[in-house]
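Note that the chains are named A, B and C in the order they appear, and that numbering of residues resets to 1 at the start of each chain.
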Amino acid sequence: MLIGIFLILIHWLFVFLLAPLFVGLVVKVKAFFAGKKGPSVFQPYFDLVKLSRKQCIYSQTTSWVFRAAPVVALASVFVVSLEIPLGILKAPLQFSGDILLLAYLLALSRFFMIASALDTGLSLEGAGASREAFFSCLSELALFMNFITLACLTQSISLSEMIGVNILIPWNLDPVLLLVVASFFIVLLAENCRIPVDDPDTHLELTMIHEVMILDHSGVDLAYMHYASAVKLFLFSGILVMILIIPFQTGNPVKDMLIFLTGMLGLAVLVGVIESSMARLRLNRVRNLLLIAFALAFFGFVITIWRG
Amino acid sequence: MTAWIDAGCIFIVFFALAILATYRIVGMIHIFALQSFVLGCVPFFLHAEALSARVIAIAIVTIVFKGILVPYILLWAIRHVSIRSEVKPFIGFGLSIILGSLLIAGAFWVSLSLQLPGKAVSNLVLPCSLSTVLLGFMIMVTRTRAVTQVLGYMIMENGIFLFALLLFDGMPTLIEMGILLDIFVAVFIMAIIINHINEEFERAPVAESRSETGESF
Amino acid sequence: MLLILLFLPLFCAFAVFLPVRRIFRGGLLCAVSFIHSIIVSSFWLKLPVSEFNGYLVLDSLGLILLSVVSFLFLIVSVFMVGYFKHEQRSNRTFTACLFILLSTMTVVSLSYHMGLLWIAVETTTLLSAPLISFHRNQQTLDVTWKYLLVCSVGIALALMGTFFLAIAAHDLHSLLLPALLNGAASLTVNWLKLSVIFLLVGYGCKMGLAPMHSWKPEVYGQATGMVAVLMSGVLTQCAFLALIRVAQICNKTGLSQFYSSMLIMMALLSFLVPAIFILGEKNIKRAFGYSSVEHMGILVLGLALGGVGVFGALFHMINNAIAKAIMFLTAGSVAQKYGSSSVDKIKGVIHVYPLTGAFLIVSLLAGTGMFPFATFHSELMILNAVIIGQHYILAALFIICLAFIFIGIARIVLEIVYGSSTKPVLANKENFFMNAAIIVSIAALVGIGIWMPTPLVNVLRAATVLVGA
């Protein structure tokens, strides 16, 4: 029992200490591409501390939903982080079917964010919320298709058994893996509001999707929302890197952890590079991009069924 | 070597799907060039143990003809056209991606009942070639612009060629070269006709309805 | 011998691009067709040796197609001399394509390897496209594009069928016809069935069988008369030869029932579709195009029935080619004189051009199978085979559809020939070469219709035995 609590704490420490660093790395890479020196990689930490000392301002048109959204977002992300194996850390929470819990907890937090945006009663927030809802439908489709493919490959529906240290059926460097990785990468970009789906640096409310939902929060609430999205990005990247490094597992725990951390670093750089080199897609093209992600995952699924 | 062959086949189908989802015609032509390049490398992987002059010849001919010459001819044919993207296809892009995925699943399902004789180096070649043929056919049928229809035809031919690589011993070299040459001449003539169509369109007075649909009919 | 037949036209195709007067090109085409005909006539006396290791072999089936090719090219080259007197465009590409077509069609009749057969048929498809778009306006270009796409898809399907055949013949390691026929027992049935379906659909597309016939009325409606003659008289028969080769393989491997049922289905569709659509036609060339679809159906029906049917189908190959020559050359000359092929613009031809008017009536009779033209005999033979096989409903449908098509064509032709005359666009002069070509074709058709020469009967019999149904 004590060991269990200890493991949970270690897991949380790992995730919650490193997540803002990941975001800082992405920002640093973008600044490098823009020819600037950019803020330090630890800037997100300072931002979070600054925000937590400020006062929350609530509009008079909002209700309890508006106040609940940041808390729900952070809490769901806390629980989800327990399910995901990272590097050599085993997931403290694993049972058969835990991918469904993962997907629906994320959906819960998204639901509350959309509801809080609608709660403010402003039109631009409503527009952004509707776009977020639409894109999340499509990205859920692709996400689940990926999980189904992985489930068929490894004959289990627990995330730890699919990609974790105690994987049931490990795979080699496989072309199907490329398809799943490509599809999951597009889902990562879509769920975490990166270019080419959404621009996290935009100042125009008309073009915001995720930003507009945290536009009206302030103070500690805003700190919670920023932290939650940073951790979400970190967790998605963690899953992607775990899928990628399965063929490269050596037995040595130190080496495996180093490989994992290198993978995360590489992924942060990749996200930064994509953000710097592409522009945001038009909204109907985003729909096509997510359908392509679905098509890739579906293709991988068909090949897996064909082989097995 | 099986992993390389599998990767090549998967990439070929992926590129066909990518052409299905692309808006810009120049982009489609470039993806097609990539696809032909991967197709040209597959003979090397299939016959890695017994590389003969024939294998090398076929691979090089494919890469040069389909990967370099055909895209060049197609780009030449549309050099005067100002509308450079696909205009109003019969099936929208999102729906065509979904339909394309279903066609791929259908091709795999059909391949379940087809048994290839002889030893099989990789069992992905047959379903992937059928998928490519079906995707090429779909591009041909649902698009309105002449260049896209030619691209669909060439993707069909790529799929058929991938299938033909399986039966290497059954076809003498001369016949295979003849087939490749024929396909090349086909594209050549199609490009010339497209060129005539474009010239005719440029010379004729621009009617309102024609300007919406490009040089299609 | 065979090599001269192949390479002489190819050589002349390059010679055409020299800067010479137009009349020389026409004359060169006439000369080469004449030489081609002489060589082919010598084959009637004695078949030549095979070339290229058994890839190019002339058997009696090939001889029939080769004679058709030769005769039609001769007629067209004579007609062309007269046609280009009034044409402004240069005939350089036209003649070059015609030369290469002559060579490739020869290869089709000679090829004994299924892959080589495909290459030759595909080349004929590709090279007939520039001929269709000769006048290069919006309509002809549209129609050329449609033809190119539809036939290219068909040819791609035929390529897949050829590859499936190669897989079925995996143990034999060869696609040469004698090897396939001798080793028929070792062909895998599943792959063979798949290959037969694809080959039928692919080559049927090229032939213009319904339901792949949609390009036919449009292309024949827009192309000039000579091109329509070559396409309907020769190109489609080349695809039919490919289907006959498939039938040879099927009959040896016990798939004859399977193949015949599919052929009969397509033949039935090819009768019904023109019968329905021809009644509303206003364009004479398009009407003749529908008639071509119907004749393809007749050919395929004869092949499906076996025995007398095959004899009739092979005879019909020759008769259909000559009849189409008469029909389309006449339509071409009328279209050139009046500047259009529509019934609205052309009326009362017999008063202005009596000879051309008479040719139109002859083409009506020849195209729908009336006595004394040879088409009557071949259609009667096929009908005979249908009744022998006790397919009474099929026979009834056959006759009814033929009647409808006769009504449709007669309506258009009679409207054009009689009635108050409209003013023609060109001068009131009949052209000697064009008329000569048509008269020779009529004479040939009537001649064969009245008296079948013994060598012809022998070759037809030998070919029927080869098909082996």
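Here, a residue touches a chain if its C-beta (ideal position, glycine included) is under 8 Å from a C-beta of that chain, and two chains touch if they have at least 3 such contacts.
All figures in this text were calculated on a predicted structure; none of them were measured in a lab.
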{"item": "Chain pair with the greatest number of C-beta contact pairs", "value": "B-C"}
{"item": "Chain separated most widely from chain A, comparing mean CA positions", "value": "C"}
{"item": "Identifier of the chain whose CA centre is least distant from the whole-structure CA centre", "value": "B"}
{"item": "Distance from the mean Cα position of chain B to that of chain A, given in whole angstrom", "value": "37"}
{"item": "Separation of mean Cα positions, chain C and chain A [Å, integer]", "value": "66"}
{"item": "Whole-Å separation of chain centres (CA-atom averages), chain B against chain C", "value": "31"}
{"item": "List of chain C residues in touch with chain B within their complex", "value": "113, 115-116, 118-119, 122-123, 126-127, 129-130, 133, 136-138, 141-142, 144-146, 148-149, 152-153, 156, 159-160, 163, 166-167, 169-171, 173-175, 188, 190-191, 194"}
{"item": "Interface residues, chain B side, partner chain A - complex", "value": "3, 6-7, 10-11, 13-14, 17-18, 21, 23, 93-94, 97-98, 100-101, 104-105, 108, 111-112, 123-124, 127"}
{"item": "Complex contacts: residues of chain A adjacent to chain B", "value": "172-176, 178-179, 285, 287-288, 291-292, 294-296, 298-299, 302-303, 305-307"}
{"item": "Contact set on chain B toward chain C in their complex", "value": "114-118, 133, 137, 140, 146, 149, 153, 156-157, 160, 163-164, 166-167, 169-172, 175, 178-179, 182, 185-186, 189-190, 192-193, 196-197, 200, 204, 217"}
